[in-house]
Each structure stands twice: as structure tokens, then as C-alpha cells.
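In order of appearance the chains are A, B, C, D and E, and numbering begins at 1 in each one.
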Amino acid sequence: MRPFGLLLLQAPGLEDSQAAWEPVLPGLIILLPLLGFAINGALALAAARKSADAVRAGREFDFFGNGRAVTHTLPTWVGPGVLLLAFLLTVVNFVGMLGAELHEPVIRSYWSWITTGDLNIAAAIQLDQLSMVMMMIITGVGFLIHVFSVGYMQNDPGYPRYFAYLNLFIFFMLVLVMGASYPIMFIGWEGVGLCSYLLIGFWFSDEEKASAGKKAFIVNRIGDLGFLLAIFLLYLVFQRVDYAGIFGDAESVFVYGGPVITTVTLFFLLAAVGKSAQIPLHIWLPDAMAGPTPVSALIHAATMVTAGVYLVVRSSVLFALAPLSSAVVAGIGVLTALFAATVALRQQDIKKVLAYSTVSQLGFMFLGVGVGAYTAGIFHLMTHAFFKALLFLGAGAVIHSIQHALHHSNKDWDAQDMRNMGGLRAYMPITWIAMWLATLAIAGIWPFAGFFSKDEIIWMTGAMAGAENAPYAGLYTVYWVLALATAMLTAFYMTRLMVMTFHGRNRTGATGAEHLHEAPKTMWIPLAILATLSVFGGWINVTTDLRESVLGGFGALPMGEWLHHWLEPVTEAAHRVQEAHLGELAHAAPLGGGEVAWGLISTVAALAVVLVTARLLGRKEVPVAVEDAEPTGLSRILFNKWYVDEFYHRWVVDPVLTTSRVLWRIVDTRIIDGAVNLVGNAARAIGWLGSLLQTGQVNTYAFFFTLGVLVILAMIGF
Amino acid sequence: MPEILFFIFAAVAVGGAVGVVVSRSPVASLLFMVATLASTAGIFVLLEAHFLAAIQILVYAGAIMVLFLFVIMLLNLGHDYQRDIRGNVAMIIGFAVTGGIGGLLARQLGGGTAGLETNLGAGDAIDAALREYGAVGAIARPLFTDYVVAFELTGLLLLVAIVGAIALAKKAS
Amino acid sequence: MLSALAYESWILHALIWLPLLGTFHVLWAAEDRAKWLALRWSLVVFVLSVGLWWAYDPALGGGYQLTSSLPWIAVWGVNYALGLDGISLFMVLLSTFTTPLAILGSFNYIKKRQKAFYALMLLLEVGVVGVFSAVDLFLFYVFFELTLVPMYFIIGIWGGERRVYAAIKFFLYTAFGSLLMLVGILYIYARGKALLGVTSFAFVDLLQIPLTPQEQMWLFGAFALAFAIKVPIFPFHTWLPDAHVEAPTPGSVVLAAVLLKMGTYGFVRFLLPFFPLAARHPNVVTLMLTLGVIGIIYAAWVAAVQPDAKKLVAYTSVAHMGFVVIGIFALNVNGLQGGLLVMISHGISTGALFLLIGMLYERRHTRLIKEFGGIGRVAPWLATAFVITALVSIGLPGTSGFVGEFLTLLGVFENHPGVGILATSGVIFAAYYMLPMVQSVFFNALEKPENREVRDLSRREVVILAPMIALMIVIGVHPTPLLRRMEPSVQMVLERVYAAAPPSAALIESVQEETVETVERVE
Amino acid sequence: MELDFSHQAHFIVALAPEIILSVWGMVILMIGVSPRHSHGPEGSAAHLGWLSLAGILAAALSNGWLYSVTEVGTHSMVALDGFALFSNWILLAGAGLGILISQDYVRRQRLQAAEFYALLIFSTVGLMIMAAARDLIIIFLGLEILSIAVYVLAAFNRRDPKSAEAGLKYFLLGAFSTGFFLYGIALVYGATGSMHISVIADSVASGNAHGALLVFGIALLAVGFSFKVSVVPFHMWTPDVYEGAPTPVTAFMSVAVKAGVFLAFLRVFSVAFVGAYERWWAILWWLAVITMVVANLIATVQVNVKRMLAYSGIAHAGYLMVAIVAANETAAAGLLFYLLIYTLMNIGAFGVVILVSGQSEERLEIQEYAGFGWKHPWLGVLFTVFLLSLAGFPGTGGFIGKVFLLQGAMEADLVYLSVILVLTTVASYWYYLRVAWYMWMRDAPDGATDEPIDVSLPMRLALITGVVLVLYFGVFPGATMEWARSSVSGLSAVGPGLTGLAP
Amino acid sequence: MLAESLVLAGLIFVIGTLGVIVRRNAVIMFLCIELQLNAVNLTFVAFSRYVGIEGQVFVFFVMAVAAAEAAVGLAIIISIFRHYETVNVDSFTRLKW
């Protein structure tokens, strides 16, 4: 074992690859957030002690009076600070990698984590193009959200704890994407789940929030089951679990479409479905909005929930070898996208809309990676990280403001219900603009980021449907149609959100309205940066066809298929397999027409939806939540999210609980323990009966004596 | 002739035994017992155990039974004509069990000993001893030679019995 | 001469007999000094035992090291023989580590009859260290049984409402199993005497005895029953919740951390190497795996609906021990190593959970989950420690709980994928039972006024919990040193399992002839 | 010194301990009836107690001396082999401890001290004779000496109707069983033509014995022995008599009487009848089984400590029967060893019971032990040790003894019997531990009188000897076990040898 | 005459046994036990005729023992009569269960 201190010195690892490029302190990127966690955690524990004393005394501890307590000032610097450093270090490495023309991943291993028999799992990290993209997103967006949180959370008594969790989350997320083997990834995988749990239940005194955290954790664990089983199966096949070993041999070991590889990938899919909130395990994500809004932005939109997509892309070779699993991935993705979009149509809670929107967009990503467009999946992951983080942060700013207003007008209305908002445009112009940019991006309108990424996914689905040897071609055609429809729905519900929130009449009431305000600087600057990224972020991967058409300004857009080329070393094996087995992809959509044509159609259609929706809804007078009528018909079903939660309660949770009770009360207590006690009691009962023979009368005794003699004589005599 | 005598004695002995068990009065039981002992003594004679027959009458029937009689009188049980035999159920069960034992014994001793007599030498063993030492001497010799330890132990046994009887029966101080 | 003074030569004896000296010292001392004396003695023992980590050298192979043997009952060939291998090393360390913490954890809990209590705790340590360091079957059995008495009194005297019931049940149930094992032990011994003329109880000698497959089956049954009750394996587990609920905190800690391990230790130490033909028989493997898996899932489900936090944790022990059992009967390196790690991890984490619940009980005098709520607000450190421990218990990666479960499941999956899948579902149910409890106790609104008065951890309690939590994380992050020490011994066990063949027909024939001769002679 | 019993004076040497004891008993009687003592102060009882103890010691000394004497051949009526000598140690230990724990009781209850001790000593003589006897006549006489003495002792407390009742029941059933025992002797005599064990053994082994008579004889002898050692179903007197008899007498009966009869039992069955092993093992096997099962189960519901210990004694008889069934050298040695341990631990347990009951027959309910351990920690610990030893717990002699028996059974392939033995042992844990739980886990009821318990010197001596030896045999049993083992090796010289065979 | 004597003895023995089982009077029970002893004596004497004199010697001892037992037994009966004023064994059930 190498001592932990060497982590920073990048000593040559146990199985380090000999690459031309030397990364700069890669371990430190992981370690910095952990350090932040340690410091903030210590501060949090100290603060919690004080606040606990206060609670016992029947009041809240005032961390803010007479100047902030050190526990509440230090995290402001430590929390975002470590992220900034990590981000900068990532950038340095990114730049280094850009110049290195790397084809093999760079592996640094620090100590052997689990060594037994022929199993050897090293505590190793892997730097390659994919993990680098992810690291950039995680540390970059993460940093912005940390900064935003400073403004958003700074009056919360749990401020240091919040940053401790957030840092810990970044740590685990980095472990997830940087790990060089599946078990290491699994550490991050479960670690982020833990942080998600802690952060959703951040305000744990609220039972609903605490329950939401618990739900997230348990549902995620169902997925984790798949992850573990996939690891086991891979180990069974390869006797090793690191990426390098598996991916290198995968093509030669597995039969294309064979049962083993299909099983492995389906297990991975289960994991991904759990983490990325796909049908049927999507139920936890909307509830996860119980956490602080920046958390929703960071974890439940930008990073953690996309881990499933990362997993599929990371295992792209495996998925490419399993066409059935890929088709299932795509199918789940598109169904989830459509399903979530329908639910989002009728939600009134701003964060719920965004939550379902996230689920829907994750569905798109799954569709992308399912049809073999791994780059497109990662591309959408990235652009989504920008605009969805922005949307959540914007929503956070809005909620912050509305809360303030409602507080001052003494209304106990729901600060997240869009029916209680309206007309915020006037009060929060920056937020308004930023969010409109993000809405256009998510709606897939040219030239915003979302257009390029989503368009590529849809296009690739169409192309897959027409591929030479495509299995399930008809299925892919259906996917394509559904994906297009979903894109339109997206445009609709996002516009609805914007209109209800920012346009029309303000519904907080006159007293409240006075207190509506624009977000402070720490909050709107991240918004601005993310808005910029939402606008231009899509330009890094414009397909050649688009780039050379009108949509690319006839080649004026910079960068072209940069991301595609960047990720090529990671995905090339998968593409090789695909090409070998699927043949050439189609150059026209199922209904005919090329990429450019469909790009134009979709952007125009989406724009039309936006405009029409804005127009129609803008005129309607929205009643405030308390006065609104109960929805009816389909609307009611959608509002109640297709009753999926109810279904699970009725058919999964309740039966399990009932069974558990039966097992305890009847099987355990009555039957098993009953049998144990019965043995004891029966023994004593027999003893008691036996003692009754002891009548005290000599005749009886003599009789039994004689009986004994008779039996013995009979036994021995015969 | 000895066979006839044997069966007469046997009949009296069994009858006496039954009488002991079924008599109402303890005194009657006692008398039946004496009858049994006496006829057994008769059988002893037939079996060439003359000395034993004598002390059977003297010690057993004479001394021990009188001791019983004393006790019965002492405790004033002589006029106690209450039937102290257990009820029918106990009687039947008891009869079944003892009958079973009796049956097994009869089967084993009666049927099973066929030929034993000739095997063992048809009474030669005792005849020789009697011829040589006489009825008393035949027993007395081994008693003071081979069985001297047993004989001494009998002394100790009697001492124990005396001490015990006195310790129990004497009036509490 | 000097070698007699070397650490290796006296340490095991010291670990066994120092606590006994401590027992007498405590009994002899004044009542109010008892706890400190006991703590000191157990700390001395722990400090001494730490050296074992270095004294044991895995490079020398998986056999016993630090062995020493004195004739004890010469007629039977019983030796007072001690030794350690990679498997028992950690069990000894776990015992010596847990005892001082349990003693420290009882300072506030045990208010009456302290002298007796602490004396019994030290006596218990004598027993458990003896169990794990004995290499003579007779000696092992003596220590195995010896642990019952102190535990019986600890539960029965300082326990809760139904303490007597629980104590008796604990005692009778486990004694029932171990007495059957005693018959098995004596049977093996008699066979050794009859077949080979060997009169010895030493493990190494008993391993030489050629037992027929049928004999191995029966003996396996006898031993397995004893250990299955101790572990406990479903459906022999019902004594455990009762014992845990009624036992005082330190009793529960030692019970969970060490005493249960005696069962699984017995599995590894005896069932596999002594009766390899039975142990690898498909029916046996299927049975044990089935019971293990049922234990994992069933106990998890039952745990989930417990109203009493301590009972809940008790049931989780059953589930964890299910993992150990399936790991062992995976019959491969990963499974066995995993099982051993789960044992260690469970010892620490469940011990800590019981301590924590004990701390809650000291504050609130109840363990009903519904009586709590929002404790995290008034006792944040307690809550933090609890949540960390609970997460270790449900096997969060990066903690000791995960490594063991991972290896176990991996091992099982290797040989029995179907069982592996079912067992792995245990990770879901672990969350299903643990998190609702954590939520109801530490989260949710702080409604009850009496909960408002709950104090946070005292300094003493921090001292108890800190090393446990640290160890859980250190083992989780870097378990290799442990695995490396265990591996040679585990390999030896497995070699034995797979290499064993039924005794040759010639040998059995010769023995049978001998028997026939004797019969003829008698008749 | 060698004895060939060619001269009858040789018996004086061979029976030296018995003779010393008998004479001593008579001396005590005489001292007792001397006017100074018969109406003397209470202290005289104590003198007699110590005097009796001195007699036991004298006998023990002579017993030790007998190790320097060897006998030639096995034709004498009284054996002078290792088995007999070891038996004497057990019986003398039982008697000595019995005298120690009786002293206060005798004084407090104002029993007739001289007669009490004399009878105790005489019964010991009877037991020693039995254990050493090689002739059924001697066995019978020894049995009767001890029985009559013990009948009287059981009824000895003339102020207590329970004592009288115990005496009567013991006497009636004892005499009843004597009838069967005698009948058995008669049939064996008829079948083999002799009453000497070696002759019987030869006759049985050679097949000359008349089978039909022999098996009934064996069965009836088994019944007679079984009654005395209280084997189910001949045990029914035991609980009543143990409960009713004065506690020290109960203690003495439960150890010494049982030990002596078992020793004779073993000698008769393992030596004389070993040739017919195939015929009788099953009978004894079943007797052992039902004894262990019934006694242990009934004991679980007892509320009176003496009665509970009575059933415990029956259960131990069942365990010891296993050794008789096994009929091999290990089992025989195990029997010796176990009897020694059993003597120590059972006397110890009764000693504590006597103390708790305040030297009288009160406070015998288990409930009345509530909180006893905490009030009298030393006595509590002692009692707990004795109970654990009775239960056969490691660390105590009882465990080693039980393992010894089990080994014997194992060597005879009596696996099922061993399993039943341990299973019933589990049941026995229940009632032994129940006392412990009342002592330590219950608090004394409010208002319970907190009488101080005065532990006199003899009692102290008995308890300490008991506990020290019980623990010593539990921890360092080796030497004694070897001794026991070498003691039984003489037995096999008699018959065709102890077999290691059973189904 | 051997077989006949043996059967006769067996019969008497069994009758004595029956007496012990069915009679409530302690004295009579004891008397029945004496009956058993008598039967045993008969057996001994019968065997003795064919086997040797030891049988008769034994009977001598049995008689001595019977006398001793009688002395002690009757003393015990007297002693218990002092407490219970009866010799009916049904009354002696203070000790049971």
C-alpha cells in the first residue's frame, strides 16, 4: 500500500498505463472536494452542537446576529473554493489532454483496494476524453451552483452542513466518472446516491422531505442491484472488473447479441434506469425536488441523474454488442421522455415541471445512447446540464423571491405553485431573460444548445431505423415519431411554465409584490454564465451536414463535430462493432428527407408551438392555487402523474409492508418462535403430567415398579 | 408319596398366600401367613433342607410373625375389619400386571427348566453333604468357613437393625 | 531462554488469562472502582493484542502461528494448545477491540451491582479469546460453552423486563446446539482412536481421521446445528431478537460483535475442513445457501416492521449473518474472504449501532421508534454517528460493510448465479429496513417535548464511537491488509474442501474386519 | 504384602477399612449411651461428629495403606482391587462430607447424635462391602446393612411426620425391591450354580449357564439395583423420600448410596454378566433413556429445591446407566470419576440447601431463593458452581465427568444414547439455571426476613472442599482420570474382559 | 420336583407382589413382602438340592435379614403411627408430586 499522502504525488501506479501525457495532479481533483467536505463537515458538526443547545432551550440559535459565526462564514470560501480549484485543475488537465492526442486512457492507481484470490481491484482513476468531459461539467457547473448556493442558502442555519454535503457529492461524482473500474465507479454511484439522500432530506425536520430522500435512496438501490449483478457477471467472464481489461477483450469474448452480454447490459440498464429516473423507476426524481433548489439543479438535473447515461456510454462497447439491450435502452428512453413530458403538461409546481422535464430529457439521452449515438447522448447530457441547471437556478431565484413576498403578505400559499406567481418579468428581468434562453434551448430551437443535441438524437434514431441490418427497424421508426412528438410537448410545457411565471398579472397581491426582487449577485452571475452556455454550448458538436447548411450558417459555426472527434477514442470500439453488424446507417429519415430538412421542420414546429402557446396562455386569466378548481378528465390523470406512485403503493409498497408484518407477527412470532417455545413448554407440560403420577401413595409406586418388572421380563424373555 | 405331599403343601401354601392378600382382618392375614410358612417348611423338608425347615418354623413363623402380631395389637389394628384392599380398577390392573409376571415366570421356570434337573444331577449335590455332615452340619460348616465374612456381616446387620429399631421406636425424650 | 520471553510465545496466553486476573481484581476491588479497573484491564489486553497484527506473518502460509501447547488432560490427549491463523487473528482482535468499548459504553448504563457486571464482562473476554485462539477441539468446546455463563448472567441480571425469559432462551437454545456438537466431537475422537489409534483433540490430528461420507454428513449436521443456532441462521434465530432486546447495551454489543461470530467462525474452522465431503455436497450447499438467502431477505423484511429499534438491529444481524453463511458456502476464495470481512464489519458496525441505541435509551428510557423523532436537531453528533453506522450496516461502498458484502456476493454469484441474484436483492432491503428507522428517529419534526431534552454525545461516548467509525471507514477504504492476512488460511480451508476424497475402501474394510473379529470373539 | 485368602485372617487385612469403621461405629454408640452424653449438653453432638469424622479418616488411612497390599487371584469373596479401593475413596468422601454437613443439623434438630452417626457409618460399611464384594451373598448383605441403616436415617427425625413418611415409603418399597433382587440372585444361582462373580462370569461366558433362568435372574438383579439407584420406573420413592428425609440424610443418600450401589451394579454387570451382554444391553439402554428423559422433564416443574435435586439425582442415575450400558473400560473409569465428582457437587448443593433452610426443613421452595445470591454472595457463588457442575458445564468437574461417560458410550457406539443424554442435559439446564435465576436475577420479596446465615466450621469445610475439588477436577482432571482408569483395569482380569461392543 | 417348586415359588411371589399393590395397610403390605421372601427362599432351597449347599446357606442369611427388616420395619410403622394415628398408606401423602 502506498500511504495516502502519495495520492498527490501521482507515483506510478500498480497498473499505470504508460502514456505520453502526464496528467497534472489528477488525484487532487478528487481530493479537493473531499477536503472541502472535511472542513465543512467539521464546521457543520460544531454549528449543529450550538444549534442543538439552542433547540433544547426552546429557540433557534442565531448564527447571524452580531456578525456571522465563523461556522457560517468559512463555508462560503471553502465550499465554492475547493470547487474552483478543482475546476481549474480540471481545465489544466483538459488543456493538456487536448494537446496530447491521447488514444489510450491514462490510468493512475494508488493502492490496491480489494485484493483476494484472482480478484484485484485497484483504487485507480482513469483519465480519458469521456471522463474529462464529465469532469468539466461536474466541476464547472458544480462550481457555478456552489456560487449560486452561497446566495441562496446563506441564511439557512444548516449552511455549513449544506456545503459539506455538496462537496461530498462532488467528490463522489468525480469518483464515479474518474474511477478506472466498475467497482470504483460503484463507490461513486452509491456515494452520490447517499448525498442525494442527504440533500433531499436536508431539511429533515419536515417529514415529507425526509421521506423523499429515503424514497430516492431505496429506489436507487433497486438500480444498484443491477449494477452489482453486472459487475459480478463481468467478473465471471473476465476475472477482472477494470475498464481496460474488459473493453479490450469484450469484442473477442462476447458473441454479438449473445445471452451473456445481453444480460450484463440489461443489468447495467437497470442500474442506469434507477439512477437516471427512467421508467419504471422514475418516481423518486420528482419527489427529490424537496431538496434545496440548487441541489435540484446540480444533482437532480445536471450531474448525478445523468450518471446512467455516462454508464451506458462508458460501457458503449458492451451495449453495442447487445442490440436487444440497446433497443430496450432506447425504448425506455423514448417512453420515459414522452411519459414525463405528458405529466409535465399539467403540473402546477414550478419545480415539478422542471423535474418531469428533466426525466423527459434524460429519456432523450437514453434514446440517444440506445440508438448508438453515444456522442449525441453525452452531448445532450452536457447541453442539458447547462440549460436545466439554469432553469432550476432560475426557478430557485423565483421561489426565493416569491417566498419573500408571500412571507411579507402573510400568506401561507405554496411558493412553488406557478398559479401564485405571474408577472415576475417586471421584478426579475435578468432571471426572466436567462430562463427564456434556457426554455428556447430545451425546446430545441435553433441555434440554442438544445437544438443541436436533441436534433442529433432524433436524427440518429431515424437513421437507425433505416440502417442496413438494423434489428427492430420498425421499432426505431416508432421511437423516432415519439421523439419528435415529445420535442413538441417540451416546447409546450416549457412555454407554459414561462408564461405562468413571468407573464400576465402578478398574483402575489399588492403587499407581496412590493417585496419581489431580483436575485442577488451571487445568484444571477451563475445564471448569466449558464445562459451563455445554453446559447452557445451546442456549437461544439454541429454535424457536418447541418454545419454546411443554412442551420450552420453554411459553415460559419465554429468547431463542427468537435465533441464527436474528442470522444472518438472512447466510442470507437462501439462504433466499430455497430458498423460491423448494422452496416451503414440511413441518410434519410423514415419519412424521407435529410437531416437539414428535419432540423428545419423541428425547429420551426417548436417555435410555432412556443409562440402559439405563449399567445393562447398569455390571454388566459390564471386563478391562484387556492381558488383553482380541481382538474378533471385527462388533465386530472396527468396532474396525478398517471397515478404511478399510487400504483406502486398499492401493488409494491403495501404488499411488501403487509408481507413483512405477516412474516413478523405470524411466521416469526407465532410459527418459528412458537415452535421453539412449544418445545420448551411441551417438555414442561410432559414433565408436569409425569409428576402427576407421583401420587404419594406407596401402592401406586409399587404398581409402577411391578409394571417395570413386567416390561423388562417381557423384553428380556422374548 | 413325596409328590402327593408336595402338592398338598403347595395347595396350602398358595391358599395361605391368597388368604394373606384378601383377608379383611390383619390378624387373619397373619394367620394365613403362618399357614403358608408352615407348609413351605414342609416343602423344605421334601427338598432335604431339614435345618431350614426347622428354623422356618422357629424363627419365621414363631418369632417374626409374633413380632408382627405384637405390632398389630400394639397399634390396635386387631379389630379393624375395614376392607383395605384397593378398588376394582386397581385390583384388575394389579392382577393383570402381576398375572403377566406370573405367566412369564411360569413359562420360563416351568417350561423352560425342562431337563434342568437331570443336568444338575438330580439332587446328588445335597445328598452327599447331608450324608457326610448331617442336617445341621451341612449348613454350619460353610457358614463358618467359606461364608464367615457373610456371617460376621449378618451380625453387623442385626446390630444395625437393633440400633435402628430402638432409635425409632423409643419414646421421644 | 530469551525466546521464551518473545512476544509470540506468551501473547495468546496473556490475552486469555489477563482478563481472568482482571475478573478477580475487579471482584476484589471497591464497587465504585470496578468500572475503571475493568476498563484498564481490557485496554491492557487490547493494547497487547494489537501486536498480533505484526506478529502474524501471512508470508509463512495459512497454517497456525504463534502456537504453543501444553498437555492438559493427558489421558484423552487433550492439550491446552493455542495458535492463530489468518481467520482467527481477526476474531481475536475484534474481541479485544470490542470489549473495552463495551465496558466503556456501560459506564452510565450499569448502575447496580457494578462489580459483578464488570467481572462478568472480563470473564466473557476470557471465553471469547479462548474460543478463537484454541487449536484443540476440546479446549475450543470448553471456551465455547464458557461464554454462555457470563452472558446468561449479563442478560439475566442487568437486562430489561423479560430478561429472564431471554436469558434462559439464549442459554438453552445455544446449549442445545453445542451439546449435540459435543457428541459429534466425541464421535470423531472415538473414530480416531478406533481407526488410527490417535488419541488427540488437536485440530491437525483430527483432520487426518478418515470419515466416511455418511459419517461426515451426520457430524456436519451436529456441528452445523450448533453453529447455526449461534450464528444464528434462519429458522434458528428467534432467540436473538429476544436476547438483544433484553440484554443491557454492553451485552448486546459483545453478543453481536463477538458471540455471533463464534458460529460463523465455527463454520469456517470446522464445517469446511473437517467434513469436506459433506460441506461440498450439493444438497448441503443448496440447503445452507437457501437458508442464508432466506435469512437475508426474511430478516430484512421482519426488521423493517419492528417497532423497537433494538429489535430491528437484532434482526439485521440475522440478515448480515445470512451474508456470511452464503459467503462461506460459496466455497471459493472471494466468498469466504467476503464472509470473514462481513463478520468483522458487522462486529464493528452492529456493535456501534447497539451502543448508539443504548445511548438513546439512556436518554429517553425507551427504544420504541415512534417515541422518537427529530433527534437530529437536538443531538446532531449522535445522529451523525448513527447515520454513518447505519450506512455502513447497509453496505455503502467505501465502508467496511460494502467490501464484505461485495466479495461475498461476488463469490456466491461465481458459483451460484441464481442465489447470487436473490442475495444481492438484500442490498435493497437493507435500505428498506434501515432508512425508515433512521428517519423516524433522527429526522422528522421534533414534536415530543421529552425528545427536546435529549443530550448530545458526551465526551466519553465520542471516545467510544470514534475508533469504531474510523475503523469502519479505514477497512472500507483499504481492506487489502486484512484480506492479505486472511487469504492463505482461506486457501488452505478451500484446498482441504476440494482435495478431500472419501476414505479409501481398503482402510474402511480393515477397520470393519477388526470390528467383526471383536464381535465374533464376544459371541 | 500379598493376600491369597488361604487363611481367613487375610480378610481382616482386606476389610481393614470396613472393620475400623464398624468398630468405630460401635464405639460411638457406646459413647452415646454413656450417661454423660445421653443427657449431656448439646455440644456433645459436635464431639460425636468430629469423632465420626476421625473414624472416616482412619478408614481412609487404612484404605490408603491397602494400596501396598495385593491380592492373588479373584476367588475371594471380597475384592481388593483398584476398583474397590477407588470406590472406598468415593464412599468415604461421601460419608465424610455427609458428616460435616450434618453436624449443625443434628444439633439444631436435637437428633440422637450417637445413633445418627453410627448408622451413617454402618451404612458406609455396607456400601463399601457392596462395592468390594465378589459374591452375591456379600452384595446382598452389604445392601441390606446400608438399606436398613438408611431406612432408619430417613425416618430419623421423629418430630417430623414427613420424615416418618419418607422412612415408611423407603422401607416398604425398599423391602419390596429386595424381594425382586433376591429372586434375581436365586435365579442366577440356579442358572450358574454359584453366587461368586468370577464363577458366574465363567459360566455365563462359556455358555454353560441355563439361559432361561439366567436372563430372568439378570433382569431381576437389574431391577433391584435400579431401585436403589433410582432408575425410572423404579424411582418413584426417590422424590418423596428425598423431600421428607432430613436434608443431610438426603444428601448422604443421594451420593453415597447411589455411588455404592452403582459400583456393585457395574461389577456385577460388567464382570459377571458380560458374556450375556447381547441379552441385557437393550434393557439397560431403555432404562437409561427413560430415566434421563422422565427425570429431567419432571424436574423442570418442581418448586421444592430438595425435590428438584431428587429428580436431578434420578437424572444423574440415568447418565450413569449409560456407563453401565457401555460396559467398557472407559465407561467404567468414567463411572468412577463421575461418582466422585457427583459426590462432591451434590453434597455441596445440599449443603447450601441446608444452610438456606436454617438447619431445619423450611424455606425449601425455589421462590425463597429470590435475591439470595446478592444477600450472601459467597454462598450464592458456591451454589451456582455446584449447580453448573451438576448441569455439566465446562470448567467444572461435572463437565469432565459427563464427557468421560460420553466417551465410554461413544467407544461402544452408543451414539443415540449419547444424543439423548445431551438432549436431556439441555432440559436439565433449565431447572439448574432456574435456581440461579432466582438467586441472582430476582430481587428478594419485600419484607422477607433477612436472617443472617451462620456457616459453621464443619459446613465451611465441606463446602470449601466441595467447591475446590469440583473446580480442580474441572480444570486439572488429568491425574484423577488416569487414576480412575488404572483402577478399573483390575476388573477386566475377572471376566472375559470389558467389551467395547454394542449395536 | 424342581420345576414344580420353582413354579410354586413363582406363584407365591406373584401373590405377594399383588398384595403389595392392592393392600392399603402398611403392616399387611409388609406381610406380603415377607411372602415374597418366603417364595425366594423356596426357590433357593429347590435349587440348592441340585446345585449345592450354598443355596441353603443363603436362605439362612435371608431369614436373618428378614428378621432385621421386620424389626426395623415395624419400628418405622410404629413411628409413623404416632404421627398419623393410622397405618393406611393412603393417608401418607404429604409428600407427593
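Methods note: a residue touches a chain if its C-beta (ideal position, glycine included) is under 8 Å from a C-beta of that chain, and two chains touch if they have at least 3 such contacts.
It should be emphasised that the depicted structure is a prediction, and the values quoted were computed from it without experimental measurement.
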If every chain is reduced to the average of its C-alpha atoms, which one ends up farthest from chain C? B
From chain A, the most remote chain by mean C-alpha position: B
Sort the chain pairs by how many C-beta pairs are in contact and tell me the top one. B-E
Between chain B and chain C, what is the separation of their C-alpha centroids in Å? 69
Can you work out the whole-Å distance between the CA centroids of chain A and chain C? 39
Any idea how many Å lie between the Cα centroids of chain B and chain E? 8
Touching two or more other chains in chain A are residues 680, 691, 694, 696, 698-699, 702-703, 706-707, 709, 713, 717
Going through chain E residue by residue, note those that touch at least 2 other chains and give them in order. 6, 13, 16-17, 20-24, 26, 29-30, 46, 51-52, 54, 57, 61, 65, 68-69, 72, 75-77, 79, 89, 92, 94-97
Multi-partner residues in chain C (2 or more other chains touched) are 172
Set of all touching chain pairs, with the criterion as stated earlier: A-B, A-C, A-D, A-E, B-D, B-E, C-D, D-E
Please output the residues of chain E touching chain B within their complex, sorted ascending. 1-8, 10-19, 21-25, 27-28, 30-32, 34-35, 38, 41-42, 45-46, 48-54, 56-57, 59-61, 63-72, 74-79, 81, 87-88
Which of the residues in chain E end up touching chain A in this complex? 17, 20-24, 26, 29, 89-90, 92-97
Going by the contact rule set out above, which residues of chain D touch chain A in the complex? 168-169, 172-173, 176-177, 180, 215-216, 218-220, 222-223, 226-227, 232-234, 236-237, 239-240, 279-280, 282-283, 286-287, 294, 296-302, 427, 430
Write out the stretch or stretches of chain A touching chain C in their complex. 1, 45, 48-49, 51-52, 55-56, 58, 111-119, 123, 183, 186-187, 189-191, 194, 197, 201, 204-207, 210-211, 213-214, 217-218, 221-222, 224-225, 228-229, 231-233, 235-236, 656-657, 659-661, 663-664, 667-668, 672-673, 676, 680
Quick one: in the complex, what on chain D touches chain B? 8, 11, 15, 22, 26, 29, 77-78, 112, 115, 118-119, 122-123, 125-126, 129, 135, 137-138, 141-142, 144-145, 148-149, 151-152, 155-156, 158-159, 167, 190, 193, 210, 212-213, 216
